[in-house]
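Pasting the structures here.
Each of the next two complexes has subunit A plus one more chain, namely subunit B in the first and subunit C in the second.
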Partner chain A sequence: MTMNTGAQSRHTNGAVTWLFRNHIWLFLGLAIAIFSLASPYFLTVNNISNVLTQGAFIGILAVGMTLVMIDGEIDLSVGAILALSTALAIGLQEQIGVWPAVLAGLLSGAALGFFNGVITAFSGMHSFIVTLGALIGIRGLVFIYTGEDALMVQDFSYTEYAEIYLGPVSVTALTFFVLALFFQWVLTSTRHGRETFAIGDNIEAAHDAGINIKRHKIINFSICGTMAAVAGILLSMRLGTAEPNAGKIWELWTIIAVVLGGTRLTGGFGSMWKTIGGVMTLAVLRNGLRLLNTPNYVELMVMGAVLILALLLDRVLSSQTEAR
Partner chain B sequence: MKSTNLISGLKKSGLLVAFVVFLGAVSLTSDAFLSVGNILDVLRQVSITGMIAIGTTFVVITGRLDLSVGSMLTLLTVLLVDQHNQVGPLLAIVLTLAAAIALGAFNGLLVGYLKLNALIVTLAMLSFLQGLTLLYSGGSNVNIPNAQTTWFRFFGRSDMFGIPVPVLLFLGVGAIAAFVLTRTVFGRQVYAVGGNETASNFSGVSSARTVFWAYILSALATGFAAIILGSRVMGAQNTIGQGYELTVLAGIILGGTSMLGGSGSVWRTVLGIAMLGFIQNGLLLMGFPYYVQWLVTWVVIIIAVWIDLAGKRGRVLA
Partner chain C sequence: MSNQTPILTVNEVTKTFPGVVALNEVSFDIRPGEVHALVGENGAGKSTLMKVLAGLYKADAGEIIHQGKPVDIASPLDARHQGILLIHQELSLSPELSVAENIFLGAWPTNRFGVLRKSKLNKDAQSALTALGADFGPSVRLGTLSIAKQQMVEIARANAFEANVVIFDEPTASLTDTEKDLLFATIRNLRDRGVGIVYISHKMDEIFDLTDRITVLRDGQVQGTVKTEESDVGQITQMMIGRELDAFFHRAKSTLGSEVLRVEGLMNTRHFRDVSFSVRQGEVLGLYGLVGAGRSELVETIFGVRTMEAGEIYWQGQPTGRLTPRKATDLGMALVPESRKEQGLVLGQGGRANISLPHPNMFSRATVMNVASEMRVFDTYKKQLDIKTTGPEQALSDLSGGNQQKFVLAKWLCADPKLIILDEPTRGIDIGSKSAIHELIAGLAENGLAVIVISSEMPEVLGVSHRILTMSEGRMVGQFSGVEMTEKNLIEAVSHCADDVLTPV
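Then we have the complex of A and B:
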């Protein structure tokens, strides 16, 4: 509709189009502006450092989820995988030492992700069903391992790893950004990334073009499981305990963050930049609302409303691009 | 040809066969398992999830999802219990069912008419309704002080003809829903929309309207479930319905209703939900801690759905 405007406005037009396509940054900017005006504590180095750390756990889950979603799939089991890796990383320390335990936690995530991927790729079941089963079952594994009680780390020097900071950026936040940037590079500059988009965009065409669909799906699910384990390890370092209910319904927050960013559930469209935007918007909203001392229910209701709003906006914008 | 018949035959009864084998295996280890008392106990325990699942089946057959039923159950139960104390049981029930219909209509409006993604919409509602519950209750639990005397106890705590009332309600609503789904125009439209939405629109079936009503049925069933739950517990915490959406979906999936829409039935859902209940009950009777059932559920879902799918298509792409 705006294509008929003169050449002199093409430049501003491009900027507007970019902002519309990446509307999450509008949301984020707006949220930051509002909370900065509403609370003097919001725009302090300390608080921003907090926001980054708080957002990073969902963020790391979201990195894996983005890959899976671009493939046109979904992974509901990330919260449960996170809990299992947290439990293993803390529970195994006494028997096999700190770093082997951490490695075992990571491997458990990779293995479960691989398992989800294999079942999804070879059975033809929708990943929603496969990972819904996994969400229920892996939580069972966590309870079987921990026996309903929270595990406590024996050597508390383990929790000091979470206190490593690069300026105001915690090791957790740093891990999130590094992983997001790395997988953005994978998405745009490797064969695996391009073929992931191709599969999500049109699976039959991808199949006809000779792309090994099963392989790419299995790889992405494995990465997603590993990311969940990474978040779990970082959580275990931060808390020093492993609760059997850790990460419960985090898969929902993760999906919310990714979709808020603008990555489509239908596959073939998305990026880590969008996901960073979605994760940060979610973190800013939660942090800002808490700074303003709003009761818990406001946060839940705002989150729901923002999500539907984002969906409506996306609907309007995508129908515009389709019209072109 | 012969093997196809065998597979499709297995597909239709495989789930039942597996279920019967499981029942037999558990009854060998526990005499109490297949007693009438225990069976009624299991049915009573699954009546709340089952009630919701009957309604959600309509949504799933249209090819959509409803993740909001857990939060909705919480909100409706809190509303019902609180209003019971203020305006009496009858008005409270009317109010709760009206609220359920309104919430379902809202879901249906967004997913059916505005064609927004069902997963995200109902996920947003999951969060929103949790907030609404806390806003309504102010964070405190509600309970019914005259639990022994109110006639409201009928729905969750009494028996008729030796059968618990929740079981009668569950099976009764199930029978009505099965009738609606298989014997009415609306029921056929639900299958048509899930089977091929474009084709159904071209043949004059409004997919928007059908989806809209499917969500209302899902919410209405959740309202019925809230009546049973509220009457059973005679109170409600702000988290009382948390996680129900997962059990409901697990039961529907286990029954073999396809998430892609177009196929499935109420009796399959009832069977799936009952299987979950008997697995849970059987494992507990065998002395396993309660969380072992989750692991078993995972394995059973994957095996059951895989067999189901293998029977449905010869070649599987991706």
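Then we have the complex of A and C:
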């Protein structure tokens, strides 16, 4: 009796199922609608352009985080890696020139991500612990390098790269979207991407099938570190300075954005589309609340509530769609 | 049935675990194009043998000859490369991946740059599926399929990797009748194409319907291999049993008092339906069935852990309505769960804290724990149950399974229950402690408690019970007492799978 109705609803409710699995767009639409009504400034080209740029930094971090999380892991060190790459990209410019310094920043991110991956994959420790250690250690490294004070860029033409726009879309936002789309393609169309899902979904089945779990995890942590460095470089271009505290608790916002999008913390399920949705929802909320002159602490409360609500909804919906 | 040379021969394979000889010089063979049944009670060694073949365990002694050559099967992947495929009872698939991706997991076709060749993947998967007569395509997400269809996906791997030996472990456990027909058709399809099939099952009707030969295992030893058409249920059952009951079992010598618990028409559609029985003071009621028959779910439902969808529970003659664990405890029921570690004990803590855990009101005043009374109770049970522990604070994780189990009992006994339900009370504990637990069960009944014992071990259930109920696939399928309580009767009761059992309406 129950089985038959279950099978029927599975066929007829394709659209509903899609929405259950992609509820973030509902949230984003709702948020946009509310703020458009509440503030006349919200739906202006200028403001949308701002939202995209503001969201893009967390967004680029979230691209790497999504890969790691589909693998069933987590990376808490992205904020610290971002700070280190910012510091290197600005601090090394005098000694080795602008572009070599940028490259050094990128490589530092890739190397630290690789390091996170190797330790996680080979030690058997949970990545939460490994990257928590990395978060603290790398932040220490940043302070050693910068001292207590912010580093300043010497040649201010460096900051002009951040001012490149394609219509209303800044180079930062463009980078985010290009990276997100590229890695969406990686996730859906390459062996590495699909095996990342296989590992997060059923690690024993993946292992029994001979998939090299360690290799995939190391690759994804390396990508995640590199993404953090990319966000760091873009931030250095935008600010022209490297603060030792740059990107502090951004790892939390990143995780929130990814989870809000619908990618599961337990792994095996998610996409860059969801992450784009999550990142944009978060950015719209922040921007909208600021337009309405909401005090900072109220903003935090609202965002926290939204996150819990979204996850609650996700739980309710997924427990309904899974077989009883 | 073919008479060719075997495709796989198991030659005097022995496998021991600490304290147990799981396989004792087991030999049998599989021919191409035959379905070979492997039967035996729980713990007879079927699973171990199958895991040796699938590369999950390594045999201590003996050899495996595959296609004429002695082989060493190092891992499941290795087994697959050699053409040996195990279809688990619990499917080993990834629900978020597509059907095709699942079939070829670990061996996806790519171009030079690591980009998936989806069209080739889907085409190859389609031909593996078509060969099985599947009615779904390769690109659908696996999680949207029914269990039976997911099982077909796993079987499709046999075609995709050109397996020549496929092992099915209790494949019908979670299938409906129509799904079962589909599975059997699939298995016959494989057989007709020359694959050698090992079929592990408890269900006699399936075995006689499907298989060509039957090998019976008992206590890790092969009792014999027979042709199915020349055998019958009686002969197989006889081969499965025939063990002397151990002398150390203690059956309670108690006089039965009034009825403590009666249930009528109990139902939880997912696990069991229409279950009625009763138990009296001083009685030990055995509940026997195969793993997955719904026994644990039944007692959990009575205790209020699971939802009771229909039926009525009577406690000392009075209807109770739907129970919660708290209400059930207050009435005087105690449920000692199957997995001590997950449900019964806080292993990091000592015996004192564990005993008082479910009874905060007994041992505290205004939420402050009364350590002295906890100590008294601890000492009482340490003596009464002969628990070997260095003291009230020694973490239970340091104790043996048998002593842990005694703490589980102590914790429930100190509330002075009238009915105690023991779910697999001796699983995983050594033989000496087992006998102590059996003695204890008898003692409880002699003191006037009603006891329900769930056990998958036939000698145990036969040894301690006054009366035995058998369950199969969520139904009560028999009741035995006195001289009717024989291994043969129990096996026959749970192996017969009536056609109407759990058919979806």
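Methods note: the second predicted complex is superposed on the first by the 310 of 324 C-alpha atoms of A that agree within 3 Å, B and C clash if a C-alpha of one lies under 4 Å from a C-alpha of the other, contacts with A are read in each partner's own complex, and residues count from 1 in each chain.
As a working rule, contacts are C-beta pairs under 8 Å (C-beta built on N, C-alpha and C of every residue); 3 or more make two chains touch, one makes a residue touch a chain.
Predicted model, so just to flag it, every value in this text is computed and none were measured.
S.K.: Scan A:43 for contacts with subunit B and subunit C and give back first, second, both or neither.
M.R.: Neither: A:43 stays clear of subunit B and subunit C.
S.K.: By residue count, which of the two partners contacts subunit A more extensively, subunit B or subunit C?
M.R.: Comparing subunit B with subunit C, the partner touching more subunit A residues is B.
S.K.: Taking the superposition on A as described, I'd like to know which of subunit B and subunit C A:96 touches: first, second, both or neither.
M.R.: A:96: touches no partner chain.
S.K.: Once chain A of both complexes is superposed, is A:204 in touch with subunit B (first), subunit C (second), both, or neither?
M.R.: both
S.K.: Looking at A:295 after the superposition, I want to know if it touches subunit B, subunit C, both of them or none. Which is it: first, second, both, neither?
M.R.: The first partner, subunit B, only.
S.K.: For A:303, select first, second, both or neither according to whether it touches subunit B, subunit C, the two together, or no partner.
M.R.: It touches subunit B, and subunit C stays clear.
S.K.: Should A:316 be classified as contacting the first partner (subunit B), the second (subunit C), both, or neither?
M.R.: It touches nothing on subunit B or subunit C.
S.K.: Can you give me the overlap between the subunit B contact set and the subunit C contact set on subunit A?
M.R.: Dual-contact residues (subunit A): 204.
S.K.: Under the stated contact criterion, what part of subunit A meets subunit C in this complex?
M.R.: So the residues of subunit A in touch with subunit C come to 1-4, 7, 10, 189-192, 194-195, 197-198, 201-202, 204-206, 208-211, 268-269, 324.
S.K.: Please output the residues of subunit B touching subunit A within their complex, sorted ascending.
M.R.: Result: residues 65, 110, 114-117, 119-121, 123-135, 139, 246, 249-250, 253, 259-260, 289, 291-299, 301-302, 305-306, 309, 313, 316-318 of subunit B touch subunit A.
S.K.: Report the residues of subunit C in contact with subunit A in the complex, numbered from low to high.
M.R.: Interface residues on the subunit C side: 75-77, 80, 92-97, 101, 105-108, 110, 113-116, 118, 144, 146, 176, 269-270, 504-505.
S.K.: Per the contact definition, I'd like the list of subunit A residues that touch subunit B in the complex.
M.R.: So the residues of subunit A touching subunit B come out as 74, 119, 121, 123-126, 128-130, 132-141, 143-144, 148, 199, 203-204, 207, 213-214, 217, 252, 255-256, 259, 265-266, 295-305, 307-308, 311-312, 315.
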